[in-house]
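Supplied in structure tokens, the structure appears directly below.
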Amino acid sequence: MSDHGYQGLNHFDAGGAARMVDISGKDDTVRVAVARGEVLMQPGTLELIDRGGVAKGDVLGVARVAGIMAAKETGRLIPMAHPITLTGVNVDFRLQRPGRVQIQARVRTTGKTGVEMEALTAVTVAGLTIYDMCKAVDREMVLGQVRLVHKTGGKSGTFEREGEQIWDT
Amino acid sequence: MSDHGYQGLNHFDAGGAARMVDISGKDDTVRVAVARGEVLMQPGTLELIDRGGVAKGDVLGVARVAGIMAAKETGRLIPMAHPITLTGVNVDFRLQRPGRVQIQARVRTTGKTGVEMEALTAVTVAGLTIYDMCKAVDREMVLGQVRLVHKTGGKSGTFEREGEQIWDT
Amino acid sequence: MSDHGYQGLNHFDAGGAARMVDISGKDDTVRVAVARGEVLMQPGTLELIDRGGVAKGDVLGVARVAGIMAAKETGRLIPMAHPITLTGVNVDFRLQRPGRVQIQARVRTTGKTGVEMEALTAVTVAGLTIYDMCKAVDREMVLGQVRLVHKTGGKSGTFEREGEQIWDT
Amino acid sequence: MSDHGYQGLNHFDAGGAARMVDISGKDDTVRVAVARGEVLMQPGTLELIDRGGVAKGDVLGVARVAGIMAAKETGRLIPMAHPITLTGVNVDFRLQRPGRVQIQARVRTTGKTGVEMEALTAVTVAGLTIYDMCKAVDREMVLGQVRLVHKTGGKSGTFEREGEQIWDT
Amino acid sequence: MSDHGYQGLNHFDAGGAARMVDISGKDDTVRVAVARGEVLMQPGTLELIDRGGVAKGDVLGVARVAGIMAAKETGRLIPMAHPITLTGVNVDFRLQRPGRVQIQARVRTTGKTGVEMEALTAVTVAGLTIYDMCKAVDREMVLGQVRLVHKTGGKSGTFEREGEQIWDT
Amino acid sequence: MSDHGYQGLNHFDAGGAARMVDISGKDDTVRVAVARGEVLMQPGTLELIDRGGVAKGDVLGVARVAGIMAAKETGRLIPMAHPITLTGVNVDFRLQRPGRVQIQARVRTTGKTGVEMEALTAVTVAGLTIYDMCKAVDREMVLGQVRLVHKTGGKSGTFEREGEQIWDT
């Protein structure tokens, strides 16, 4: 029996040492994860973002690219995450007045492990990019509510966060 | 005069194109930024993290390493961020019952631009790592309240988020 | 129907947002791509490269390593490119007097998407490396004619650029 | 005296071994480099790019982000390049009918070595990104004419490519 | 027939050019590799490491994370190594008085090529991290005896280094 | 007073948490570090390496490039290492019959912290690359004796490993 306090946390071995869990025996199946988060800001900041939406280098366009590229970096940022290939990534935004940008990332793969971490990473880096591009006018923005809302594929089955629907994009 | 809606957002040029802002003329000064965030979880998850605290591969130990390493990746994750050297990084945690892990990152540099993004990136990746290591027992954790709480150095002067104190670590 | 001007460009969704295209449903097949490019230089620069060819650290040897390693970075450089595994990469050079180094990269994978971008990236980074190593004597070199010359595997079938033959290496 | 054929190429030592040249003794000065290149394409492809210019995820917007981020990766792609910090990057495009997109990158730093390679890398990765995003409709695009057009700072002084002017952006 | 001296070294083609060997035709099988190495140090340094073992940021805990993360970087560090996905990584340590820390890495994948390099890279980076964290008190540490001790899977069959047993962790 | 067992190890704070040490107050000085290591192999493997020395893609040429590029990755591999710029890197080899390749890396910077880790990383990755390129004929090679032999610059002054001289390259 294990002599440490981590029963249930599979990123630790019987001796309590952190490890990248062995998934060699898992099946290759299509796996999807959707995560969501938000950036709270002053109403004037949201208006700036909205007005820029037709320009050639808009805030949300840059944040979308950052989120998609970050999904590909997940295995390098999260120590025990498996390095995997991805078969699709979407990052979308919704402006909610007076001062909230909602972010959704949907990630897919065909592999042996889920892509929750990839979706969560895409959301947070997209959010941090919005912060970076707007911090000259609003240093008090808050990135929050980063959470998994949907997951399919793999042995653990489908997860749906109660009361949340995936955006129809 | 500028023909786009982004006055005030210095990551865009006069034509509205995204750019990495020119900071060649800025002074090299010591700059510090402190950011904070939190992971909300079930009380049982927090107890697991707390009990593991003396084991050789604990959750928070791994998350701390992830956060410190992520601070060094900031310039590669955030599209318009300047690649910079760092002179110091600390990541700390506080457990708050029943179900909250608070995260603080403090980053320092001697250079031409601030390290807010580095501190915010360290906090979010530390938080995502906690999520990754505990998701087998708690898939509904939420990463939130990621915010800048303190900043010194540079022309824009000192910023203190109202009502927040830097932890004494 | 789509309301944006990008019909045919599959890196955009129906709303015009950039995305990493979903390839989950594609078959795993052997895929090959060959790309080519050239560096134009002064005749004296080409002679320097040629004479160094037997030394232990020759220009083309370094450029070859750079090109092969760059093929592996493609998914991190090109925002909407899928991160994939590669099963083989060759980079070759031909000196053409008076002042042209031709570069060819051949990349293979077994997967769901082609490796055109990997081959093109290998060619360009090999070319930039030649530039870097010779710029002390010739700052006016030009990297050009970077193009796909051959592609097999996948649903879109075989592509052969007219009038070009893959080098027999 | 050196026994190899590389006199003049400073990326080799006296024995002909490749090295990262020692620049410890150089002065920290403001250095600027401007590079340019082009993507040749079918007229219909250029029209697609042009029409998409107001959408939220346009081709050139993504290519600009890719180019700016690639400038920061230069030291990791080019074997003998020095890893440096950058103080500013701009990437711009000009559409030239019937079928040419011109690309210009301007990079600045305050340091001991020039940023030619960073500017050239930004141009090529921006060009490869245009290729990637449009290859579904035009596989025969060619990336070419990648060249340094301007350079200031450092001991070697100012370089201006004859007959070329930096765009006024 | 080949005209160079490298018969047997499959990382070179018939003309002697370095290449990433084509493995497209190989089978996907479960592959395991175990590597080992050691850091020699002063007895007092080993005592410091041992005493810290229950603290929240211990030397070996950080070295383990570094080794696991480095396994994922192997394809980017070793020029001719194939970029692959990994399905599991463990890094373990044994303290041997008076002054030796032994390191073992076990890496698994399901793929077309072995993971020897990943295991060796994990061992060396874990060892270098121990050096980094203790160098303030002991600059004369030596990393040594880095070797493959076990390998299964693939056409070349099982390899067992004589006289060595995999640790039971 | 500190309540953990790590007095003297400056990569831990007073509470025992790992950190990137603050070096903001240190002076920018020229710093040099030289590290050395070796790969032990069968005599036939060394002969293969030696014979290939004039070919266009020789083992040591590739290993040199790998070592130089790895020096630039040090800050990303070693968790508590500071990300720094480098001003020069050399990697050299000496063949010693019957079966030993000696490796030396010399790294320089102008900055606030030493480059021991960069030199040690260059040596180990060069050594691992030799292993990778020769493992098809010799799986029992051993990388060993990786050590710092020389260091100058910074407050701690000059270090010379007893009985070792820097190679004259």
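Letters A, B, C, D, E and F mark the chains in the order given here, with residues in each chain numbered from 1 onward.
Keep this in mind: a contact is a pair of C-beta atoms (placed from the backbone, for glycine too) under 8 Å apart; a residue touches a chain by one contact, two chains touch by 3 or more.
Quick caveat: nothing in here was measured; it's all calculated off a predicted structure.
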Walk from subunit C over to subunit E along touching chains and report the minimum step count. 1
Per Cα centroids, the chain farthest from subunit E: D
Per the centroid of Cα atoms for each chain, what is the distance between subunit B and subunit F, given in Å? 31
Could you please state the distance in Å, as a whole number, between where the Cα atoms of subunit D are centred and where those of subunit E are centred? 37
Overlap residues in subunit C, where contacts from two or more other chains coincide: 15, 17-19, 56-58, 61-62, 64-66, 69, 73, 76, 79-80, 85
What pattern do the touching chains form: line, ring, star, complete or other? other
Show me, using the given definition of touch, all chain pairs that touch one another. A-B, A-C, A-D, A-E, B-D, B-E, B-F, C-D, C-E, C-F, D-F, E-F
Touching subunit D in the complex, subunit F uses residues 30, 61, 64-65, 68-69, 71-73, 85-92, 108-110, 169
Under the touch definition given earlier, write down the residues of subunit D that touch subunit C in their complex. 4-12, 15-19, 37, 48, 51-52, 55-59, 61-62, 65-66, 69-70, 73, 76-81, 116-117, 120-121, 124-125, 127-129, 131-137, 139-148, 151, 159, 161
Residues on subunit B engaged by subunit D in the complex (per definition of touch): 13-15, 17-24, 26, 75-76, 79-80, 82-85, 111-112
Would you mind writing out the residues of subunit B in touch with subunit E in their complex? 53-54, 56-58, 60-62, 64-66, 69
